[in-house]
Amino acid sequence: MNERKAILRVENLKTFFRTPRGIVKAVNGIDITVYEGETLGIVGESGCGKSVTSLSIMGLLSKSAFTAEGHIYFDEKDLTKLKEREMRRLRGNKISMIFQEPMTSLNPVFTIGEQLSEPLLQHRNLKKRERRQHIIEMLKTVGIPRAEEIIDEYPHQLSGGMRQRVMISLAMLCEPKLLIADEPTTALDVTIQAQILQLMKNIKQEKQMSMILITHDLGVVAEMCDRVVVMYAGQVVESAPIRTLFDEPLHPYTQGLLASLPHSNTRKKELKTIPGSVPRPDDLPKGCAFAPRCPKVFDKCLTDKPPLFEGSVQTSRCWLYEDQLAGGEERRLQDV
Amino acid sequence: MSEYEQSKDSQPIVEAPAAPLLEVQELKKYYSIDQGWFKKNLEVKAVDGISFSVYKGETFGLVGESGCGKSTAGRTILKLNDPTAGGILFEGEDISKLGYGDMRKLRRKLQMVFQDPYASLNPKKTIRQILTEPLRVHNLFTPKERIQKAIEILEIVGLSEYHLNRYPHEFSGGQRQRIGIARAVILQPELIIADEPVSALDVSIQSQVINLLLKLQKEFQLTYIFISHDLGVIEHITDRVAVMYLGKVVELATTEEIFSDPKHPYTKALLSSVPISHPDEQKERIILSGDVPSAVKPPQGCSFHPRCPDCMEICKTKEPVTVQLSPTQSVSCHLYPKE
Amino acid sequence: GTDDQPDSEPGSETPDPSAPSRDSIVIAVESDAVTMLANTDVNYVNDVQIRNIYDPLIERDEQGQFIPGLAEEWESIDELTWEFKLRDDVVFHNGEPFNAEAVKFNIDYILDESNQSFYLSRWTMVDEVEVVDDYTVRIKTSVPFPTLPLRIADDLLIMEPTHVQEVGNEEAARNPIGTGAYEFDQWQRDEYLILTANDQYWKGEPQIKQVTFRYISEFSARLSAFLSGDVHLFKNVPVDSVANIENDDQSKIEMIGSSRINYLALNNFYEGPLQDQRVRQAINYAVDVDELLEAVLNGYGTKMTGPLSQINADYTETSDYGYDPDRAIELIQEAGYEPEDLNLQIDTPSGRYPMDTHVAQAIASQLERIGISVNIQVNEWGNHLAKIRQRDMQDMFILGWGPAYDGQGTIENLFTENSPYSGFYDPEVEEQIYAALPIFDENERKQAFDDLQHLLVEQAAWVPLWQQGDLYAVDDQLTFIPRVDERFTVFEMSWD
Amino acid sequence: MENKSRLAGFFSQLVRSPTGLLGFTIIICVLILGIAGKSIAPFPPNEANFINKLSPPLTDGHILGTDQLGRDILSRIIHGTRVSLMIGLVTVVFAGLIGTVIGILAGYFRGWVDIILMRIVDVQLSFPFILLVLVINAVIGSGLQNIIFSLVIVGWVIYARMVRSEVLALREKEFILACVATGVPRWQIIIKHIVPNLFTPIIVLSSLQIATFIIAEASVSFLGFGVQPPEPAWGNMLSEGKDYIFSAWWLITFPGIAIVLTALGVNLFGDWLRDVLDPELQGKS
Amino acid sequence: MLDYILKRAIQTIIVLLLALTAVFFLIRLAGDPTALFLPPDASRAQIEQFRTQLGFDRPLYVQYFEFMVNAVQGDFGTSLRTREDALSVVLDRVPATFQLAFTALGLSLLIALPVGILSAYKRNSIYDQVGVGFTVLGQAVPSFWLGLILIYIFAALLRWFPSGGGGSMMHFVLPTVTLAAYSVARFARFTRSAMLDILSKDYIRTARSSGTPTRRILSRYAFKNTLIPIITLVALDLGTLLGGAVITEVVFSWPGVGRVLYQSLLNRDFPVVLAGVFLIALIYSILNFITDVLYAYVNPQIRVK
């Protein structure tokens, strides 16, 4: 696995927001690596920083956000150092993104075709006819019937599933190396979700690209991903290959998460739960962010922030594994 | 010792008694959409003749895809919408024709929990006001006692007196949903309709709220109609399930039957679409083609036929009737012809 | 104005400034003319414009005295008949000759109800117009009408009969033909009226070849148009702006005591303290007209002491109440009040007369000096007039009257029960007025009007204020002699 | 305690916004002038002094000069503050009340009530604000009450529209459904649940409307239907001074500045208030 | 579409009828016009006669019905002052008003759109603060005051522009600026907030994720979305500009509808006032209709079906 080439390396990324109530540390030091051709899942509860991470990679954050620290290497280029112009050349070309809300992510006053022309216009030198041809082909690839007609229709004329297909084709038009999908199916029905997931699997295989799949649904992760990163309160708490994560989760949070799924419990009986709720990013506890909810909490958790302990394939941010896994690097101990 | 604690001792009634608590008969709710003065209004057949009974103490599940009329059914049963046709018998009394005022008194026994924990609490009211209002409008207790009740119920749902004077925006989603549940439970109703009470919540919070619902059911012998699109949750919590498609109930059975032996092709497809729960799990997928059709122009015949993998000629023209396959299972599909 | 832009005809591009041809003039007036028909609308603004197109039979000189116009001479043949001898050398702009038929046509025009002339009520005593020969006309009245020449001078203008008959009133209202010094050129509603010189004018060729009346309703805009040289003449400069214009070396102020009079009416139609003569007198004592004139009007106005102004033909000198606050208080007390009991209202229009609202406020503060409390009600002009007509006025109001050249026109229309314009009515006074009106003998008539004036003063029928001072802003190089009748007779003007 | 901290939070937010703070400061100053005007003004506002008429600013203790009757402009502006504020506030209160009631009726009951009320609104919107005020004033005459009356007649419409659309949105909200489900009587739903949720938009709208009404009064005065003299109001000061821009610029300049400043302050504050109160904007941050 | 137009037309007619009714009765309350038309020495008999001529002696409801019947046929009677057809008196002024209104509108949009868009894009920058400051100021300045000050400075002191009246291009400048000042402020503020709203939308992020440059996003994507609310506002304001420019028209002696209405009101020239109100309400309704059509044009969600 290690021989494989990393296409994206996020190192100690910290993305903060300036707000009227002070600085919000939405992403507080995360490390992610995506290898060529693999699908990396990111799971975590609402507000833990999944979207901010992906938007940081895309450089699409609003003006109130800033990268306080860290690097994002894509193809050995540090994206945090790129100018907007250079970043623009990557977006929609080398890296693409699919968003959660197919209903609002398409502009209601432009036709599908007009919107899909945009990446081609920016990144490819094609004639108008060629562009149209290309788009229609792409629409067919994602399984849109009547592609020749749909191209001239407006988003509101399409159903949610269709729109998500359009979004996927938008992302795929320039055959990017990396596709980031931020909860691509959360807004969809299960039957439609199954269609879309199937489609994404096929496309990925066909185009040999890498993918980051963000979701809160462990089932989707199990179905789609090669490796998983679990986030909690702006940090990575655990990362592991997919089977390892489901079979031997290390972090108490991951364990709790898996245990609380209805399937893992007897019907009609009380579910196992993680008590409490996710802390607000501006109100993090002093030690481990998960400590207040952790069933295995001990003294050290309350006072010291754990670093990310790395095993051969698995990492975990928990003091329990201080001895089992290799210690985090020095800098991580200091800064948090 | 409070009333709530007293009731803890009594055993929940699991056995279905003969007379249903609630009986829904051929309930219809059509919305009309204004198309201008000179065109006939469009009709959305959001709920198109559904029938089922709910027995005391059970949890009755309603599943189906978005837009199939689950919420409309729930709201119409509680008469938050006026039904277009059909009967709603509550404790044997038809409430479908009651006016706002008469219905008001009955509402003590019929409550609702909403999906969106952010929209379902008035942002301008404190928790105290939110929780005492039901008691106040039904003239229960003295003002002092009401506050006492509010504190008790808060503790039951896992919050405390300390939260009494706060506003909803000071709570997390999970906490708000607990408050919404507390508001529904404080009147000690007979029936609670919970419209996707957990689907807006995070996984870890979802399980807390489900536990709370289970606990309350035990304590107060509540009857639930539980609406959800999440089959995992439905499987866990319900006793019987009705599967809806385009305003109709296509299959109704006990939860075990539905999950172990689904009959309707739609139910089958629905179950097969659920993501696997472990990477090693192998699943036979029935991937449905096409989208959910709109309720404005439902297809001829069986409304599921354009997506149905087992579609036959008859399905395209003739609407199937409901067939009772076993005492507990019924289905509307031409695959199961009536003898 | 400074730059020589004599010809700033609206609609055209600014003319070449290097050609200072001074043969046109722009006069700014407050509002549009209503109609180009003569003898129809009584409005002053209308009159000043069309009088350059139409001529009257009788004119007035600058001081208001009658002089021949289209009529060379006139006399009353008997109490019920007047005869007018007309000029025989006058032609209309369209070449038609002016003659007795034209006079008859125009008087009949007023009398014809279907024309809806607003002058009709003043002319109802005229029975018939008789054409004696081409240039002689007789007017027969139903009752003795000693003031007919006055009506003729002030109201009657001569339109070309065949034109009006041919095109109809509606068209004639837009396209007038008269005998006047200027011919109609174009009229853009609410913008301007352009007239061009009638070189065949019977009095001679006008010096100024083109006249433009521009309609500018806001004073400030008028003044700025004037100061920038777009406008060469306008009337009604507020007294406080006089200095501005005088300080401008391209401009001058011309002033004349107008025939229009301003007064404070004391209403006795209405049940109240003002029905008591002593209270009315007291108010006359308490109002210091000299101070008002000096302080509010900067001296631009001529004080009056009785019902008529000095330029009125029937004027007689009456005694002045003067300013005597102590006497005022005494009189009020005699009438059974304390000044502090009195709470009076003054109604005033706004912007109708020079400084009207300020005069009202100043009068209020003078009355307040002796303890009377006064509140002021400013009315929009239409409402003000309607209130007077409907006799809805409270205690006092400010009003102007004009032109007031003769005793009858003023006294009959002000102090009888039928006419509420002074708010004063007394049966005895009225009887005396009606006795005086039909007197045909000059001396007897004069005596009767003298007596009436004394009586009205004694009755303290109103508080006479002043003869309005008409202030004109005039381009320094324009020769313009203001007239008591407020008219812009462009024929008489010239550039230096 | 809760309220205290909210108030403190309010101020700390205010201090951080330069424009909001400026607006707030102006409003406070204007309010002080309006309330304590009588004791602050250096001269009685209606005392005519003919000798001193039209003296320019800074003569004989008349900081802003005197008018046509020799009255002190500064004192008149200070006194006029009360009238102008009163017009702004009273109109907003009445127009707001009427508009809100009508808007609620139309929005909550819909159907016939709604159709009729909204046609009335359309009628009123179909001819311009100032013209309507003029017509009404021409009918009922001028004066303070009449101005307020006519501004109210004209001003309720905007409230009615706004409230109606808010209510239409509110009545579909789940928390209102929750009330129905609980069995809360209809009138209580309106009064206890809908009305409180209208406060924020109404306050925001009102804060902007006050400025509109103050300016409208001035415009109406300008066209000759204003507050009765000698009572000083900014509008009638301007209207009385309008013929003097050439001879005594201070007559029209200072009351004009007073109006502009006040309207500016109110608008700035209103804008800020909207940003702060708008739940959507707040939710996003 | 056809039934939509029909529906709109019926609505418009109802609004017009109601408006006419309201103004008819309002104006009858305003009192008798005779005072202003007849000379002060007119006799009572003559006043009565005049009232009879006008039909004022009959019961109000009879007058009302007659008026409505005639009005429906476009006959508003003749002006009491000028004896011309009342409707044509007003119609004659429409071109002047249109010229002024549309120039002002053009000027407003020309300034307001860039200012609004840029201050939204550069939110909270100095540029934004200054822009917002000016727009708020624009709304705080009473138009007659601005007009007078402009006349004073530019017509009287500097003598760059004429102080009033219609005619050459130069005559347009000051009234246009006065009239536009308020709308500029409104439009700019509105554009800014609409733009802010749009810029936070998901689909803008989508456009950015395709690598579209900011300038193109602003000028093509966001702009078209912003246009939808702006069109509504423009229509609303154009109505006001057309009929509500009373003050500007009075200050600058502009021969427009607003001024003739104002003067007719002062003169109690009822037929003209009624014709004017009718015309303004009609124009307003037509504008609203055009807006809706335009709206549908830019907003495809309405267009279909």
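The chains carry the letters A, B, C, D and E, assigned in the order they are written, with residues numbered from 1 in each.
Following the convention adopted for this analysis, contacts are C-beta pairs under 8 Å (C-beta built on N, C-alpha and C of every residue); 3 or more make two chains touch, one makes a residue touch a chain.
Here's who's who by UniProt: A = Peptide/nickel transport system ATP-binding protein; D, E = Peptide/nickel transport system permease protein.
Since the model is a prediction, treat every value here as computed from it, not as a measurement.
**Student:** Suppose you hop from subunit A to any chain it touches, then on again the same way; how many hops at least until you reach subunit B?
**Tutor:** Graph distance in the chain contact network comes out at 1.
**Student:** What is the set of chains touching both subunit A and subunit D?
**Tutor:** For subunit A paired with subunit D, the chains in contact with each are B, E, in label order.
**Student:** Which whole number of Å gives the spacing of the CA centres of subunit A and subunit C?
**Tutor:** 89
**Student:** So how far apart, in whole Å, are subunit D and subunit E when each is placed at the average of its C-alpha atoms?
**Tutor:** Their C-alpha centroids are separated by 22 Å.
**Student:** Can you give the whole-Å distance between the Cα centres of subunit B and subunit D?
**Tutor:** One centre to the other, that is 49 Å.
**Student:** For subunit E, give me the residues that contact two or more of the other chains.
**Tutor:** Residues 30-31, 148, 151-152, 156, 200, 250, 266 of subunit E touch two or more partner chains.
**Student:** What does subunit E use to touch subunit C in their complex?
**Tutor:** Contact set of subunit E toward subunit C: 30-44, 46, 49, 53, 81-84, 89, 92-93, 148, 151-152, 155-156, 159, 162-168, 170-171, 250-253, 255, 259-260, 263, 266-268.
**Student:** Okay, in this complex, where on subunit C does subunit E touch?
**Tutor:** Touch list, subunit C to subunit E: 2-3, 8, 10-14, 31, 34-35, 41-42, 113, 116, 118-122, 124, 169-170, 173, 188-192, 214-218, 220-221, 223-225, 227-228, 230, 380-383, 385-386, 388-390, 401, 409, 412-413, 418-419, 421.
**Student:** In their shared complex, at which residues does subunit B touch subunit D?
**Tutor:** 75, 78, 80, 100-101, 103-108, 110-112, 114-116, 119-125, 133-134, 137-138, 165, 180, 183, 187
**Student:** In their shared complex, at which residues does subunit D touch subunit C?
**Tutor:** 46-48, 50-51, 53-54, 68-69, 137-138, 141-143, 224-226, 228-230, 240, 242-248
**Student:** Can you list the subunit A residues touching subunit E in their complex?
**Tutor:** Answer in residue numbers: 58, 60, 62-63, 84, 88-93, 96-97, 99, 101, 104-111, 115, 118-119, 122-123, 154, 156-157, 167, 170-171.
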